[in-house]
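Provided herewith is a single structure, encoded as structure tokens, for subsequent inquiry.
As written, the chain order gives the labels A, B, C and D, with residue 1 at the start of each chain.
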């Protein structure tokens, strides 16, 4: 099978870099198009990135020879499509929200599917926020989106904020098993890579904690409701529950968001043992389809009293598994646990690629 | 006024060191007696501590010349009392719980008041857990304790676990102002100094978080109820509320415990503005008595969106103030905020010294 | 004695903040003038700094009410001088080198002494690089500087780069004692605060070391030669020795630069014991004059095998002492040692204030 | 080809764990024997390690089911050899030097080759300190060692201290190219994993540097001379040069030792360009033999001004490459550079395995 040629918009930023690292050796996709700000445009990616590449893992050698395109210049992307060098794009744009919104619309309108990491379109009614194991059926809105917009092959899907991955898959597993989750307290301890580069100044975080991340608590409280929502009349209608209260903190950790969670169930309440059973046996469509970046087990349960820990657990199964531990009764709600996921892989680029693999498997990215 | 000669039991450990640093220049108390394990006994404190002193601040030069006593050898303490070199002791013992319990009893039984930092006696019915601004009236149990035990001048008081200081003073201020606090979620991000020395291995905490501290959640949930309790029939009866659920985490911070708190009030609910007013105007008996180590304001409120932070706020007002910020409505309970206090000063040695100052002012440590 | 009214240029930056913190309670100087970029001008310092103040220590309350001036607008400074609100300025400007050079000249030309932390004038021939304990006699160039420039009361003095303080005072003490220091290898481990704010991104320094700081090695190698130089024909002529090779590294430390040093003496070589004696007994003019910010001992020698350490030793004696340890023979040169100083206090604002105290004591800042 | 069954002595310690992680999927070797202290003996490795495994990478599932043996009980090892479950051992013993020396002798005497990570035998005259790319010919001493000791199939080889790997391969490459290296200054910035677990207390290293590691400077100065030595009369005679002065520091880095190096050549001096050419083209016997754990290029040269960095470069090519950067003239000697290697892989377990692969390829571990 020939690989699908893909583009990365915002290819010089942190999430863009993570996309390129993860796609360096992908069995289905091959990066043939990189776009960034006009400042970088016209130069070889190798030259643009000299001294700027942040990751221990490299990008594919062939990417280094690509000429960086101006992400705002749609004509270049259209030309690439015609030349067979671009099938769809991953959007890791770092601009103002309105600019991203307009630009993602423009790409989709030009027939180029957009799989976005940005938050700009998360609250667009007919754009699904996809977690491949949780709401793969939300891809059903794509034909409605295309029809409503008058788009042919293009469409937009997004992934949720990195902070919610550490608890949404386990919460969904419980819902899927038939238990209502009514209320949820979560306190996150988030890694600095979530803020991009240069991001968090070292003077703010060495020997310190910053108990605030702009906009993060709102995202952590609201996005799960759309992920759990239903397609009604061409848009996604939010679920009513769980009601969530989130405290978001930045801690001196490079990668890996930790979440301390307390859950309240509806009338029907599972035992701790049932919950463990539900989580360890949980499997989703990506596992069923054996998608390349799908972890074998979306949820890994650890027995040790002091796990999960970001440095020791974030890289589990290609950094795509969510690791849980400390499942115990809560003094106020029903149960408590700690969740952990890799924020720039499972929570960003890896999640985006898994969504693309799902869309490919479902036929949305060409035959 | 002649200074009261005091002793520090466990003078070589982390909390013992913090006591010596804070007492280096105290207007009322002067360290004339240091005791530790038999291993250190018989040597000068200077010699014992060569290469072991952990703090940037020094101990008093005179302390260096003291001969370290065996903390188990009560006869030495009794001799020191007779020689006028020992009025009372701060207990920062690091042994098994039963051993500490027995030893603190023995000192008190020998007529030596014990102001303890250890957890061994926290659940002894007639021993108060004192926070000087919150329950100074619990010292009223001292005569009852002495009578019941048949003790003359000796007695035992303790201070609570370091984790609860960041939220108990603000919670008490609200209760004092007439608002019931029914339920409380708290997630702590605790400094490594709380584990003593050598304590937390660096391999466990660089670029990492440990979402577990043995016994800490139980202490954080239960001790507040005794602090808020009442003296009934010679023992302290726990308050029934607030019900508390605590998640305790270790983070790569040297000093300063951060707490993310959500509160639920009773029927009568203060506004955010009323709460701010209550907290900034809160004052306790230590402030009224102008005790030497009392902060001018027990609670400091910061307006910035991203405060309090441990490195920037822990040292406020001799590291004895609790700094609060981010007071805002909670999506599930009534309000949310972030609290911070210095764990080895306000939360340990400083809190113990403030208790001693209170006891001195009330006449329990001799005229 | 009435305090001298002083100004801080660059009052919003990191070094400017450190000046304001250290001057909050100074016995001789009182900040009555703060200047920064046009962006901040016209607003109260309190308003400008809301959420930007980085230090645990506060500035003086009166400073908060000052209106920030535009540092480029000399007429405001001249008006302040006339109004008796400005006697001299500390320059902590953060601009291009040429702009700082021109601006410092302009202030001095307008009769306002400039005590600068910037590097712009360090290689101006008639501007001394002062370390108060090392080359206080270099202030003799001030009248020559004034005469050559046609300046009346104004002049410019600077302090050296923060990296050299950890070894220059000990090296000078040896030279003063009659030992030639011919060659010097130094590897520095420098704190992130040296890069200002936002400065070093946390993604570059958590669990990491950056073995490069732009321009730092050149400064570390050359500035000592001017500090040790002689006034010849109205300019300062560099000393010929020691020849220095510097490796400069950034490490995950908030404050405090560590230096690993190997020294080669001339023919006459002191013993380790003589060196210890020289260092512990070293004293300079600031100590003789008992200047307010002068440490009692400029050099503190520690015996422990594992000291000095930045977190434990940087704050010694108002953070103005240099702490040394590990004095031992070198396998290639004569001796080796480790030096440490607080980079933003001894190495920046504190060093600048000590220079101002010296100049005041010598009569250069008015009677 | 059937895999050789291997044992790991000290299998519960940090280096032992690293061996097990690296051998989890090795093409030539398979761990069938794990030994540790009597405390762990008799239990399954899975049970012993519950909560103690420190690495993000797992050990092989089959290892978890092995019963841990008492490393002191040689009869168990002999039985394992007879049963075909043990061909040779990796020694990662953590005991007193004399005990390790005696035990390694005993294993070798019993016919079991010992490939050791411990320092106990590094100065035994007929035991080579092997770096596979540098002195593979030192394996020629094995028959002499066996003959002198009266050993049959057993022998002992060791690897050098982790601190020297970051500079010895590049120094050797220069020597091999015909340039004498006379003198060498090195300052190391070493990761905490080098101290094992629990190792460095977090209170000693957060926001701090410790400028001392017991015994490390001596090892860094002397071991290179044996590595570069010659076999003369049945023992390895040290090389006379380079003379080395080492300053060793502990920094808050998890893995990866950084070395700042200044070199002085003999009369014949290469240019910077020649040096770059020598380093990038350097290749050793492991590369020629294409050993499984050999990096493709032993030396990676980076052009960026601020590399190598431990977090970004330590994992290059299975964490077995040494990364160099900042090659520039030295003000005192001839050239300066920065070197970096992964201390627990290239500098410990990985280096040991590469030595084993070399020995296997040369026929010393059976046909």
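To be clear about the criterion, contacts are C-beta pairs under 8 Å (C-beta built on N, C-alpha and C of every residue); 3 or more make two chains touch, one makes a residue touch a chain.
Just so it is clear, the model here is predicted, and its values are computed rather than measured.
Trainee: Looking at A-D and B-D, which pair shares more C-beta contacts?
Mentor: B-D
Trainee: Name the chain whose C-alpha centroid is most distant from the C-alpha centroid of chain B.
Mentor: D
Trainee: Measuring from the mean C-alpha position of chain B to the mean C-alpha position of chain D, what distance in angstrom results?
Mentor: Using C-alpha averages as centres, the distance is 48 Å.
Trainee: Taking the mean of the CA coordinates per chain, how far is chain C from chain D in Å?
Mentor: Here chain C and chain D have centroids separated by 44 Å.
Trainee: Hey, how far is the Cα centre of chain A from the one of chain D, in Å?
Mentor: Each chain reduced to its C-alpha mean, chain A and chain D end up 40 Å apart.
Trainee: Could you tell me which residues belong to chain A and also touch two or more other chains?
Mentor: In chain A, 54, 204, 206-207, 252-254, 305-306, 311-312 touch at least two other chains.
Trainee: Under the stated contact criterion, what part of chain B meets chain A in this complex?
Mentor: Its residues touching chain A are 183, 185, 187, 189, 204, 206-212, 214, 221, 243-247, 249, 251-254, 258, 260, 262, 305-312, 325-326, 330-333, 336, 338.
Trainee: Using the touch definition up top, name the residues of chain C that touch chain A in the complex.
Mentor: Residues 14, 54, 192-193, 197-207, 252-254.
Trainee: Quick check: in the complex, which residue numbers of chain B touch chain C?
Mentor: 50-51, 54-56, 206-207, 254, 303-306, 311-316
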